[in-house]
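My structure is below; once you've seen it, I'll send some questions.
Chain nomenclature is as follows: A, B, C, D, E and F, assigned in order of appearance, with residue numbering initiated at 1 for each chain independently.
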Amino acid sequence: MDSLNMKFSLAPLNILFLRFVFCNLTRTLLSMKLLTYNIPIFARKKSMSQIKEFNDYREKMNKVILAQDNKSLKRFFSLDHQTYGEGALSVKTKEMLGLVASMVLRCDDCIKYHLGTAYEEGISTEELYEIFAIANLVGGSICIPHTRRAAEYWEELQNQ
Amino acid sequence: MDSLNMKFSLAPLNILFLRFVFCNLTRTLLSMKLLTYNIPIFARKKSMSQIKEFNDYREKMNKVILAQDNKSLKRFFSLDHQTYGEGALSVKTKEMLGLVASMVLRCDDCIKYHLGTAYEEGISTEELYEIFAIANLVGGSICIPHTRRAAEYWEELQNQ
Amino acid sequence: MDSLNMKFSLAPLNILFLRFVFCNLTRTLLSMKLLTYNIPIFARKKSMSQIKEFNDYREKMNKVILAQDNKSLKRFFSLDHQTYGEGALSVKTKEMLGLVASMVLRCDDCIKYHLGTAYEEGISTEELYEIFAIANLVGGSICIPHTRRAAEYWEELQNQ
Amino acid sequence: MDSLNMKFSLAPLNILFLRFVFCNLTRTLLSMKLLTYNIPIFARKKSMSQIKEFNDYREKMNKVILAQDNKSLKRFFSLDHQTYGEGALSVKTKEMLGLVASMVLRCDDCIKYHLGTAYEEGISTEELYEIFAIANLVGGSICIPHTRRAAEYWEELQNQ
Amino acid sequence: MDSLNMKFSLAPLNILFLRFVFCNLTRTLLSMKLLTYNIPIFARKKSMSQIKEFNDYREKMNKVILAQDNKSLKRFFSLDHQTYGEGALSVKTKEMLGLVASMVLRCDDCIKYHLGTAYEEGISTEELYEIFAIANLVGGSICIPHTRRAAEYWEELQNQ
Amino acid sequence: MDSLNMKFSLAPLNILFLRFVFCNLTRTLLSMKLLTYNIPIFARKKSMSQIKEFNDYREKMNKVILAQDNKSLKRFFSLDHQTYGEGALSVKTKEMLGLVASMVLRCDDCIKYHLGTAYEEGISTEELYEIFAIANLVGGSICIPHTRRAAEYWEELQNQ
């Protein structure tokens, strides 16, 4: 059977079949670690994917960076982990501060990170949107695209 | 028929067939809203896709954001729509101002939005490139990658 | 007569005298080129001072920089002068583009420069404030302090 | 008596006398509204001056800007006042968010404004420095000079 | 045979087959120039892809931009090429300067470009990470995601 | 003798006398620590003043900040001191990296700090201007005002 014949014989393939193939493909790729991050189409299916992909890539590359044993970078990374600890301000407040700072500086990955911790700290959606409002006001309409992506990520965090 | 047999029987698949599968897949995914934005490979095929994808995602997430009913954010969004209206300066001039501001602030989504409206306002390619020149001069060579993506999006706007 | 005696004998000095001393001092310093820029108290007196001081310092330091004969910097400076020339877009439009870009990037000296050329190009106050509005919307409330200083400089340009 | 004689006869003037002249001069200038803001030497004398100068200039120029009756700018300014109101988040928390956002965006005037409101909201110095720590970590060492000026302004707020 | 039958008959497809289809698809797409850049899953397979895709897109769009014949932009682009030439500072040092500047300004494409030239100039991984350390310190933790992507790109440069 | 008489009797004061008064005043203020930083008129007289004033204010406020004993900030400050130490890259190279990063991020105080250390590391004026050229190219014409102030500060470093 040559490919041309194949073409015609496969012509009646409908949506159901393609969906089926596509889902299997995604699952397979995920299991093979070929599909790692930032692929919206595949992430659509399962709301958790964007979260997992972000965390996986973050973890993987942090390992690569820290493995180089640059003392200054290592101390900087550990400082990052410590500054957000409980103090005169609560962890929750600090995560909100980190989030608004990330948003006005328009760092999508930083926003995702802080959305994740903010979610764990039990920040409500209403509180979150008040943070978004301040960020947009202070940082301007250039923050809107980041707000869109943050709102999407937040939905995924809630649906996981 | 087991998968291994399948593997061999499908071995002679050539480009024509794969292209066919791929096109169907894309069309299907688009119709299923699984594929929404930012996927260059799928966008390659039809020059209009990048535009549609940007607008669809923008519209979808704006709805999500406004549905939260945060008054400050809502007023900010409506302010965004109003500031660019006819005044002492024409809409066309204001769109050019919004575009150059977006470019020096390196906000790709903002650039796309203003390219879309600038296109509707009848800005010529020559005028557009003079805006790009000012943006690159004021904002520096870090604006070059954004200029590349803006030039690509402009081509798509013209070819739609 | 020792200084202590002096102290008491000068005690009744009133405002009129101090004002007189101060004005002379300022005039003297200006004539001696000791007082060059950025001194608000002295600038208060004559609204034109802030403009003159900005232009003088700009001119003086540009000479210092260009005297070093770094070819790349020289070409960059000449590029800066050329990009704003008449083209598909008018000089007036280009100056407005340069102004809004400077404002969202929050560069006070760049704003002053473009306000000066915008003034020469006959931009009206109403047009100017529409540019300010776009800059604040796109760049956020962090542009407000720069808008204040721009509004002050614009008043001086009008009163010169 | 000619100036040359004067020169010699005034030669023994000592520090005490100069200090006396200088203080009178400052007081006089302040009373004459010639000296308005941003002059650290004069501000040294009274710790409240930097605060008053900032607030006076802010108020004065806001009036100039709003007098132009640009609707978009006016709505933007009023939005600025409203976003920080009580909501799901307290005013105190919102002021902290505004402060950290201002600091990472390195806007000294915005920092001063939020330090003023943060002071009124009863934020402790310990809490403040935790905000500074987050700002420096997220925004980098380029935030250090702004932290210095913020620390100085905070001291003045406490000493007023 | 209808699609529903197809669905069942294809059900036993296992990983091996999907992998086979996927690889063929990728190879085909690459050969058809449909797949050009920025698709991590496809790039995973061959470590050189990310490099090639970046360079191809850069080259392609630079041609589009320069074809418009905007003199200011053309001079700006040629200035970009010349500033990094041998001078009082070596090309290697200049590339390091360009890299750290790109990193603190968080321009991923600029970082990739300078990583490519830095690699050609023989910069060691140890030197590179000292540049990363300075960039993170000066520019703050918002540079971390860019450092991750830079570290990944550097690995690909080394493995090509 | 009333002030009005005084006014007339002091009327013939000429430049020589005013200059004399002014110089004494400056010297006195400096000795009394009333005059600390950022006052260009006083700084004009002695080219070293701008350097001293910057360093004094920096040192004074760093003490205030570190006295608060915020562990995260303290570690961040010490990290700042350590990252620029000898490593795979020389201190001289690292200072150049810190300088170019500070310039594209447009932090005048950071620029001054790195100019000071760069001067100590024996960087030549020709090398310095090649760093300026890269900064202006990468960061755009908004870096020009900072280049002016950097060029002035460099002159003072050379004339001290």
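The rule is short, and it goes like this: contacts are C-beta pairs under 8 Å (C-beta built on N, C-alpha and C of every residue); 3 or more make two chains touch, one makes a residue touch a chain.
Predicted model, so just to flag it, every value in this text is computed and none were measured.
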| item | value |
| --- | --- |
| C-alpha-based rotation, subunit B on subunit E, 0 to 180 degrees, nearest 5 | 120 |
| Between subunit D and subunit C, distance of the C-alpha-averaged centres to the nearest whole Å | 20 |
| Rounded Å distance between subunit B and subunit C, as computed from the means of their C-alpha atoms | 40 |
| Set of subunit B residues in contact with two or more other chains | 13, 21, 39, 72, 76, 79-80, 83, 102, 104-105, 110, 126, 130, 133, 136-142 |
| Chain contact topology (line, ring, star, complete or other) | complete |
| Residue numbers on subunit F that touch subunit A, as the complex places them | 71-72, 75-76, 79, 82-83 |
| Subunit C-facing residues of subunit F, complex | 1-4, 6-7, 10, 13, 15, 18-19, 21-22, 39-41, 44-45, 106, 125-126, 129-130, 132-133, 136-137, 141-142, 144-145, 147-149, 151-152, 155 |
| Subunit D-touching residues of subunit E, taken from the complex the two chains share | 104, 136-143 |
| In the complex with subunit F, residue positions of subunit E that touch it | 79-80, 83-84, 87-89, 93-94, 96-98, 100-102, 104-105, 110, 124, 126-127, 130-131, 133-135, 137-139 |
| Of all residues in subunit D, those that touch subunit C in their complex | 9, 12-14, 16-17, 20-21, 24-25, 28-29, 31-32, 34-39, 42, 57-58, 61-62, 64-65, 68, 70, 72-73, 76-77, 80, 102, 105, 107-110 |
